[in-house]
Structures are given as C-alpha cells and as structure tokens.
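Listed after this line are the structures, all set down as structure tokens.
Across the two complexes that follow, chain A remains constant while its partner is chain B and subsequently chain C.
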Partner chain A sequence: MTTTETTPIEAWTRRVEDLVLDLDLSAVRAWKDAQPGRKAIGFLPTYVPRELIHAAGMLPVGVLGAGEELEIVRGDACFQSYICHLPRSVMELGLSGRLDVLDGMLFPSTCDVIRNLSGLWQLEFPDKFVRYVDVPQNFDPEVGGKFYERLLRELLGELCALSGKSPEEVDLAASVRIYNTNRARVSELYALRAEEPWRVPASEAYLALRAGMQLPPEEHTALLEEYLELARAAERPMQDNARVVIAGAFCEQPPLPLIRTLERAGCDLVDDDFMLVSRWLGPDVPETGDPLKALVDAYLAFGGEASCKYVPDGEDKGARLIASVREKHAEGVIFAAPSFCDPALLDRPMLQEALDEAGIAYTSFKYSENTGQLQPIREQAGTFADTIKLWGDQ
Partner chain B sequence: MNAPVKKNVVKEPSMLRQKEMIAQHFRDLARAKEQGKKVVYTFVPGNLTELMLSFDCLPLHPEINALQSGMRKLSGEYIAEAERAGHSEDVCTYVKCDIGMMLKGNIGPTGEKLPEPDLLLLSYTGCFTFMKWFELLRERYKCPTAMLHVPYQGEGHFTEEQVQYVVDQLRSEIIPKFEKVTGQAFDIDRLRDLLGNSARAEEDLVYVLESAKKRPSPIDAYFGGVYYIGPLFTAFRGTPAATEYYRMLREEVDARAAAGQGPITPDGLLDEERFRLVVEGPPNWTHFREFWKMFADEGAVVVASTYTKVGGTYDRGFRHNPERPLESLAEYCLGCYTNLNMPTRVDMLTNYVKDYEADGFLINSIKSCNSFSAGQLVMMRQVEKRTGKPGGFIETDLVDPRYFSASNVKNRLESFFQMLAQKGQEVPA
Partner chain C sequence: MTLAAGIDVGSAAVKAAVVRDEGNDPVMLGYETVRIRRRDLDEVVRAAYEGALARSGVSADDIAYVATTGEGEGVPFRTGHFYSMTTHARGGLYLQPGARAVLDVGALHGRVVRMDERGKVLGYRMTSQCASGSGQFLENIGRYLGVALEEIGELSQRADDPEACSSICAVLAETDVINMVSRGISTPNILKGIHLSMAGRLVKLLKSAGCEGTVLVTGGLAKDEGLLAAMAEIAVERGLALSIENHEHSILAGAIGAAIWGAFRHKKLAQRRALPV
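Up next is the complex of A and B:
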C-alpha cells in the first residue's frame, strides 16, 4: 500500500475550501475579535464599492448564499417557489443567526429580487444598518456621475457614523491603493488561467476569488500571491480540453461541485463572471486626485458588461463577451444562469444572437446554488467540449 | 376547459367611454405613419405621457398590449412563440407575450398592425425587467432608445438628489431625443398645460378610489379599479378627454353611492357586500372575468388595491404640478408603487386595511413579476401582525394561461372567505 503525500497546492485548496464553505463566517468573527469595536458589513452581488467600507475601518463581507451546504426552511417561508434560490438562502443565514456577525448590509441594484430583499432585511432586522446602493444606469459624468458621487459621499458618511471613525481620519486613497493591488492579483490569476489553464483549475481559481469575500483585502492579496506561486510551481500535466467562457453566473453562485463537473467534462474555464465585484472597476482606479471621484469615474468608464447593467448602444450588446472569447482564445461559451434569474435569462437570447453573428459556439443550462443533479450537466458540457474538439474548426 | 363566462356582461357608461377612447387611440396608431405621427413605446410605471403629448407623439405600451392579448386569449400562443425563439420559461410573461406578438406580425387589439416605434422611451421605474425588455425590442426595431433611470426609494422616501438626477436625465437625455426624433422644439408651456389637466383628472381618480371607504362601497377598487386607472395610466393623462372621463366617472360613482348601491360587476350591480378586502398584486388577465366572478359571487368587494397604484400613488397626495414641470415628472416617477421599498408597501397595505375597514387582505402573487412578488410572504405576515386581520395568498400569472388554475384559485378563495365568515367579520345584512 502506498500513501500519497499532500502537495502544497492541495493543502492550500483544502484550507481555502474550509474557509469558503464556512457558513458561520468564523474568519469574519476572528477578525472582529482581534480588536474590540471592529465592525463588518455584508454586501450582495453584483457590485458595491468595497473601498468605502474598508476606508471606514470595517470589513466588507460578500454574502453569496449558502450553496448546497444548508437546509433551507425559514428562507423558503419568505419566497415563492418561482423566486431564485439566493434570497432564500441569504434569508436562512440571517434568520438562523449566522449573519449576526455582520453589523450592516448593502444591497446593490442587481435585480428586483435583491432590491426587495433590502426591504425585507429592514423589516426582519430593524436594528441593523441596511442600505440599498443604486448604482447609476446613466453613464454621463455630469448626470449619472454626479448622482453617484453624491450617493457615495453620503454612504461613506453613514459608514463612518456606524464605525465611529471620524471622516477626517478616513484615508480613502489608501483603500483604493489596497484594492488596486488586490484587483491586479486577481487579473494575474485570470491571466495565468487563460494562458495555462491546466495549472489553474477553475475550481481553485474560484476558491481563490471567493476567499476574498471574507478576508480583509490585504490578507486576500497575500493569499492570491501564495496561490499564484504554488500554481506556477505545481507540476500538472497539460490537457487537451475545450477552452470555454462562463456567462450568466454573476449573482447566485454555482455550487463548487458544478464547477468541478464542468472541468471533468473536458472544459477549461478560461473566463467567467463569478464575483464581478472583484473585477468590476478594472485593474487600476486612478490613485491621484480625489479618491471618491476616482471610484465614480472608474465605475462610469469601466466597459465591463453584466446583465444588471444597461448597455446604452445596442451595437455593443454582447461585445464584452465576444471580446472575452477572443482575448482568452476561448472556443465557446457556456451560458450558466440560475433558475428564475430574470437579468441573465432575459439577456441570454441577445447574447446568443451576438455569438451567432460572431460564429462562436455556445450551450446553455440553468442551475441553482444547491443543484445536486450534476450528471445531466456533465453530459451536456462533455458533449459541448467534444463537439468543439471534433468540429470546432469547421 | 375554462368555465363559461356569462355573455351579457354589464358595463358602466364610463367603461364604454373608455373603450371608445382606446379604440380611437389604436385607430390613430394604425394611421400614425401616414399622418406623420411619431410613435413612442414606453411603460406604464413612470410614464412621461404629458411630455410625449407635448411633442405630438403617440404612446404605445407593451404591457397594455400584453394584457389585452391576455384578455383576448391570445397570450398563450404568443408566449409559446417567444419560448420557441429561445426565451426562457422562467422569465416575465409580459415580455414574452409582447415578443411573441411582434414575431407574429404585431397585430393590435383592433386587428390592425401596430406601427413600429420611432423611439423607445425606457422609463426604468420600479421594475428591472423593463430594462431588458427594451434592450430586446431595440435589437428588433433598431430605433433610438432613451433611457430614464429612476432610482429606487430604498430608504422609504425620495431625496432631492434623486429628483435632481431624474431631472438632469430629462434635460440631457430624454428631451433632446424627443426633439431629434420629432424635429420639434421642447415647449414647456405646452407641457404645463397638459400637467394642469393631469392634476384635475388625478383629483377625480382619488375621489373615486376613496369612495370605497363608504359602506357599501360603490366601486370595486381592483377589478373595477383597473378600468378606472386606464386613461390616467396610459395614453391619455393630460388630455381633455381624460379629464372629461374622470368627471363622468366621478358622477357615476357618486350616483351609486347616493343610492346606496355597490359596484357594478360583470353580472350587474352587486346585491350584497359581504366582505371588504384589500388586494396586493396585479390581476390575472387571461381569466379576468372568471377571476372577478369568484369574488363577486361571494359578495367580496375589493375596497383598496396596490395594483391601481403602479402608475402613480395619487392617493398619497401626489399631483402633477405645472409650476414645477420637470421636477413634478421626476417625483411622479419616483413615487410609483413598485418603486417603493417593502416597508413602505407594508405600511400602505396596513393603512388600507385600517382606513377602508377591510375584513381581510389578499395577495395575488404573480409568477412572472419579481418586482411585485419577491417578498410578498413576508409582507403578508407583517400586515397580519399589524392589523390583526387575516391574509390570503393565491398564485396566478399575468398573461400565461398555464399558470391560472381556476379550481385551485377558487378553492383557496372559498377557504379564505369561509375563514373570514367564521371569524365573525362578515358584514351584517
């Protein structure tokens, strides 16, 4: 009998998976316990300016649901069967006390469900700080920009009032720098995955990204650097997989086994829209001038596309997805959207039409964060990968 | 098989007047191109009708097309067409009905082809789906699109900054697009005149809706209410025709109240008001009269509803104001019902139950409308707790006939009415 020694990257993966799957948010509790008076603020997908929370001296915590890890009872009593799964698991986490560690919650303007969830949170947790973050859909600096700037200044003031930090003490520029460094490491991770996908399985990249939903950005950056070093050093065989981009999973997250299933089906996920908050502003928010204005300008200028964001020019619809396919040398797109996700599912026909015109292959399925029946997805993704490999050039 | 609907449907004179107004509007739409009129597709919540009319544009509302297709039993076919074209079974059926109708030739309720839009006015108010809907239409029509982002009342009120943001968009985005599409200069005095007409009609609408505080209520504020809101929520707000319609409606309701009469149902005057209800959520359109009859047969009268506030919460005091035209339009958009946060919606329902002395309240949860439906179970518990009145919950859909199960809905309603009766809250004869 032989024993297999755990490699450093396997040890990293286990450690980070334990962190990510910990619904009690022990890492957040530990951060708060390390210094009396610390506070943490939860946020839902898709995008909030985490720099503001950080600058106010608090820990931003991504609340992305409970995956397949939790039996939903009270959450199901809040939502009808035709509402997606994320709000019911978030509500379950809240009502079961697992989110008590959070001193407030931000609900960004992703869709009607998250919007309404913000109000339910106000009703169910009246003593908690709750804010709806209505990011602009008008990208004119003189219109949407001004509105967003006022919104962010007000939000920063409220966050400071909550944390007890005087606005004079706030060093937002430092927070922007810290998150810029973090975004740069995230970009590096995605670049390496696209260049040498066999070195960076999507499941590991996902864990690396998701760890940032609980850790302070400085720690998360260090964790990413550790992973990048391990991944580059790891001896892993090159594989002849199909290179695909995942689209539609920007809010409710697919369970980790589903991501692994796609890999086992022969797909290298060379790009995705998981946890866009980590990449929403691009790698570099300007570090000179008024940092809050820099966050506003970066938001307006960022050309990223997600179903929750209005595309002012119809000609641009799907352009970002096609650019991702081209830049990452992908051979196809997998539309993976949560069931009952209006934004992703309404977007899908338009994106598919854009891909048709660009001659890019795609396949589509739906999931929920607790999807357990993975075999049909494995068969579908495997067939798609085989098709690409066999007839992709035709 | 659907249950047979009584053939001799009784209609109020105001309903007949409205029917003629709508028919004329669709005739105008059918001739729009030959008469050089510009057609603007837009939505009911946050509609800028006075602004459109000030540019001599003809509004067309995809939601209204969809609901009319639902009432005419065409929506199932349209939805199937959209699903065949790749639209998910999970998403809003208004969208799919509209897309399906477009794919099948865009034939309107009068049997004539609807004109293509010269402008898509995307008033993104209280419903995320609107944004995707008009992105989808833009793909098909390749016409200019004007996007008005109306921020949500997340904190239960709107702020000066939000009003300013909407006004800024009107000035920098919406009005210039209208000027470009129509070739006409913006005439603020004309807009003021139209807004003045609107305010008068709004006053009369509120008077009519609040008449339901009387016992018996002379109106049904849900099934009848959807007719009462028609002109103000669609193409006619600001027109003398709408003002006249509401004057006529008010007199009609006054006359019934003076005679101690209840509302007119499809079967005629309701003999006895047994239950007074508040209803949250839109109605089902595919079986509208059958649905209404389930209430009327039990003597259940809806005395207040939230659906009649999707196109404006006039009973909370808002009136269009000619003195502040753009600010007034902004405040109108911000105040539409589905743009209010959940605590405000719970407050409204609670106040309705109290102010209208309702015996209970009912939620008609719409499968394909997340804007309305997400969180309604929590709303129900909150309103029950605050009012002590029983709440009922049924599930249907807007225009997808697959999601209207008449027997299930009827069973649930009968149980609900029995519960009301057993609680001793039945109005004494």
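Up next is the complex of A and C:
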C-alpha cells in the first residue's frame, strides 16, 4: 500500500531513522564540534550510569553495533564463530575509524564476551580511555552496595580527569534530575504504547529510544516530547492485533525491519527489553542527598531485569516478565534472543517454565543484528498472533 | 448477526468475500476477484472489496470486521489480519466440511495445512522457494505454448503419451518444454507431463504432512482439473488414501476464511467490550 503525502509523524520517523542508522555518528561529531574540548564516551549494553558521564561534562553514546548496515571483515578475525554478532560489528566499527569520535569506552559486565571485548579494545586502542564497569550482581547494600559505591566514585574521578573538570565543579544532582526527566518521558512513551498501541508502533518507539543513544539527554527528552505530541495527534485506526511482550533483546539489538515484521504480522509489542539503559532505574532516583549514593541505592533496589542480572532466589525467575505481561494486559510473549547470546538463551527455559506455570502463551526464535531473512519470522509471529486471537482463551 | 468481510491479497489477484454469521453458521453473501495486472494495489483492493459488498447487497458501514489475509497486512482500512494458513484452513472447511486438510496452490507457492473440525491449524508443510510447483510457472508455460490458463486443464486431460519433465527447477522445466516443442511433442502431452511433475511434488507434500481422507485444493490452481487429475493418479500409484477435491469457490478460500474468522473475532471482542473503534 502506498501513500503520497508525508504526515508529520512520518517525517519525524524518517529524520530519526536517518540519525539512528548513521554509523558515522554525525550527531555526536556535531555536538563535539559545537564547542572545542568537548568529549564523548561510548558504552555498551546493558547498563552504565550515564549520569556520571554527563556530570563530568561529556556525552554518553550508546554503541549498539552496526545492525545490517556494515559488512564485517576485521571484526570476524577477533572472535570465534560461536560468539554473537555484536562484538564483531563493534570491533569493525572501531577498526574502520567510525568510533574515533569517541574519547573513551565503558564496557559493563553484561557477559563474558563484552568483558573480553573490553580487553581487546585496550589492546587495539591503547591511547583511548577504556573501563570495564563491573556493575554488581550482589544486591546486599553492605556488600554489592559498598562495592558499587566505591566503583562509581572511582569512575567519576577517572571521567573528571579525562574531561578536565574538577570534581568540585561536578553537579551530579543536576544530571540525576535531567535523566529522571528523560526516564519519565520514556515511561510515558511506554505507557501510551501499552494503552493505545495503534498510536505508537513499536518500531517508532524503538527509534525514539535509540535516538537517545546519540543525543544529549536534554535534546533527547525534547525529541521524545515531540514524538508523544505527534503520536497523540496522529489519526491512526485502532486494529485488532495480539498484544505481546518481547523478551531477550536486551543487548544485541534486532534490526529495525525485524521489529516492523513482527508488527506487520499482527503483533502489538506492548513491552520489550530494548535499550534497557534508558529505563533501568526508573524516573524516581532521589534528587536530594548524596546523588551518587542515590544512584547506588536505585540500582540495588529498583534496577531493571534482564538475563544478565543475577536473580538470587530462583523462585523469582520470570516474576518480572509475568508482571509485565499482567500490567500491560499482554496475551503472550515472544522470546527473541540473539544467536549465541549465552545469558538470554540459558535463561529462556527457566522463563518458559515460569510462563507455562502462569498459563501464558509464548513462541521463541533467534536473530542476529544483521538478520535479513525475515519470512520465517513473519510466518512464526503471524501464526502465533492468530493462535492468540482465535484460541487464546481456550 | 455479524457481517464480516475478508480480503485475500495474493500475488496475482485480490479476492474479497462477505460473510453473514448467525451463531456458528456462517454464510457467504457475495464475493469478487480482481486480477492485479501491475495496477496500483490500493485500487485493486478497493475494487475487490467494493465489488464484494455490492454483490452481497450490503454497504461498508454494515461490516463489523474487515479481515485481511495473504499480503494484506498493509491494507489501511483493515480491522485485523490473519495469516494465510489460518484463513485457508477455515475457508476450506466452509467449502468442504469433511476436509481435514487444504492444499493451497497459488501463483508462487504450494502449501498443505492440516486442521481439525473447528478449522484450527494442526500442522503445515510448504514447498521450497522454487517456483516449479506454482501457478506462475504454469502460466509462463501456457504463454510459451500459446494456451490460455483456463484451457490448460482440459488440454492436459486429452494427453495420450505424457512427456516427463523436470520436477526440480522451473528454469530447467522451461528448457525442457522448449525442447519438447522442437521435437514435435503435442501440447496436451507437454501439459500433462508438467502436471504430473507438479502433482508429484504436491502429493509428496501431502504425504509428508500426514494427510488422509479428503483434501480440498484452494488457491488459484484449484480450478485446473488437469492438475487435480494428475494428483489423483499419483496418489493412487503411491497407495495413498486421499480424495483430492476442489470447489467452484476454491480460489476464495482465503477470503472466506478471513471473513469467518473476522466475524468470530468480532464476537469475542464484543463479549470483552474491546471492539476496535
């Protein structure tokens, strides 16, 4: 079906898609060029405290791979064939000079592959700032909390040394406020999508979120507000689709055509785990008191959930996923995990067991960030949506 | 009473049907089939839909649910979309209540779908991506031979010594046909050879899907009596207990199934007070 007129929301989508698919990070270069001496710090999924980078006066930049846009040559030489695609494309981006604009990189403790990538990065780019951010897997304030607080204080000191800002100048509380506002808009976007999914296609919500990986948070918040206004005003017919939650895509991102394929196949994606860094803490990190301590406490108490996060009590496995299904009135779950993603694929049987017990329908597939063959996924998602719509209550 | 429409967007034609559903007893009121012929798809869809409404004596405002199927995910006025397997199974059951499988042979694919007595899909098998089991291939061959698609079935049944041709690849099969013409093989024998080649693949598909009893052929090639006769021959040769049938409305199975599921879904949503507005 074709239409000739471009609506405001279509124009927004094209503009943001161009930004998101730009592997040369032109927006980051423009930000740096606007003021001499500015620096940008890249980070990998799943979670790093972006407030620290921002407070040190630098731009946090999410590095999420090259999707389907880049042929991998040098990146393949660094990893075995049974390793996921993300580190290959990140290495390819680095070795081809596309990430030269970044003055440093943070590698969070998502999995062994990301940790190894941090080591490779130090070898390949010895002149760049590289930090492995060992976000804790122990949530006891006296153990993981103290460890994390020390880690964040060290990291803030290192970031200030890199930016040239003295620690006395740092206003971390202001950064927390700015990110709280950003997270509030993200929550609003997800709430609208769950309530009226025909107004907010998942592919557009994804673009809205992903733009935040390159833009300063203040600018990203404005972009989200612009989108929310356009989405609420857009005349889009309500459609009878199956409401599903996507789980497993917290690190290597699915290509945009895959998200669009799921929607075209009749699935309203009412929740997901894309770019969790945008939502990990929620919008209510305390804005008074010691802001660094507030970030630590928020991480321990309210941190998001993904397969890379240890769940101490096995009984709780899948509880967040089931809660999301219930809260968003979803009718099923699509497990979409990257090929060779150890955390997601090892978690999957446990999550499926939890869904079985809860009587929630699910289907599962694997993808890669450069997946091009979408027809089998279309068939699978389409028949899953039909099954939910026709037989879901039987 | 619920009125629902189904629109099946295929690769060669758009089919539309209107169904009236009272209780669990759907009745098709009218239908329309419009060939695409490289025209704007929006216009073809609209023409098929409006044609079906006119022939049913109802207006668009009377329709509670517009269900698309096939490649119809992009139809802007749809209420919902159902996947082809789901709709062909239900449409097949409507046309032949005794069938427990449909063999959907369209312009670009062949597909077997097994279903239960409610039309719920139990399993399926598809041909590989090669077009040698498809209507487009047969149409191309007809063009080489100067035979209209509608004449192929009848001519094929006049064959007295069918010539075997490649069943693996459409390109090789087309080369075979050119050779046959130059060797003076008659048109009926060429067409029967092609039908046997296609039928061999389709019967293999039925066997691999575990089909038994009545199978309804749907899709654009359901009208090709020559293909059905060839499939029946091969099924007998291979000792399969299959009754391979067609229906005058076989080509509409997807659209009918979509309309029936649309009405079914409308009732469910109405019970939940969750109707799209």
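Everything below uses one rule, namely that the second predicted complex is superposed on the first by the 390 of 394 C-alpha atoms of A that agree within 3 Å, B and C clash if a C-alpha of one lies under 4 Å from a C-alpha of the other, contacts with A are read in each partner's own complex, and residues count from 1 in each chain.
Criterion: a contact is a pair of C-beta atoms (placed from the backbone, for glycine too) under 8 Å apart; a residue touches a chain by one contact, two chains touch by 3 or more.
The structure presented is a predicted model; accordingly, all values stated were derived computationally and were not measured.
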item: Joint occupancy of chain A by chain B and chain C, clash or fit; value: fit
item: Cα-centre angle that chain B and chain C span when viewed from chain A, reported as a multiple of 10 degrees; value: 100
item: Which superposed partner A:F79 touches (first chain B, second chain C, both, neither); value: first
item: Touched partner set for A:A34, first chain B, second chain C, both or neither; value: neither
item: First (chain B), second (chain C), both or neither touched by A:G266; value: second
item: Touching partner for A:Q239 - first (chain B), second (chain C), both, neither; value: second
item: Residue contacts with chain A in the superposition, chain B compared against chain C; value: B
item: First (chain B), second (chain C), both or neither touched by A:Y310; value: first
item: Chain B versus chain C as contact partner of A:E124, first or second or both or neither; value: first
item: Touching partner for A:W391 - first (chain B), second (chain C), both, neither; value: second
item: Minimum C-alpha separation between chain B and chain C after superposing on chain A, in Å; value: 20
item: Of all residues in chain C, those that touch chain A in their complex; value: 40-42, 45, 65, 73-83, 85-86, 120-121, 261, 264-265, 268-269, 276-277
item: Partner chain A, residues of chain B touching it in the complex; value: 85-88, 90-92, 95, 124, 127-129, 131-133, 135-136, 138-139, 142, 145, 147, 149, 151-152, 154-155, 161-162, 164-165, 168-169, 172-173, 341-346, 365, 367-368, 370-371, 373-378, 382, 395
item: Residues of chain A defined as touching chain C within the complex; value: 1-2, 237-241, 264-266, 379, 382-383, 385-386, 389-391, 393
item: In the complex with chain B, residue positions of chain A that touch it; value: 77-80, 82-83, 87, 107, 109, 111-113, 115-120, 122-124, 131-132, 134, 136-138, 140, 142-144, 146-147, 150-151, 154, 307-308, 310-312, 314, 317, 339-343, 345-350, 352-353, 366
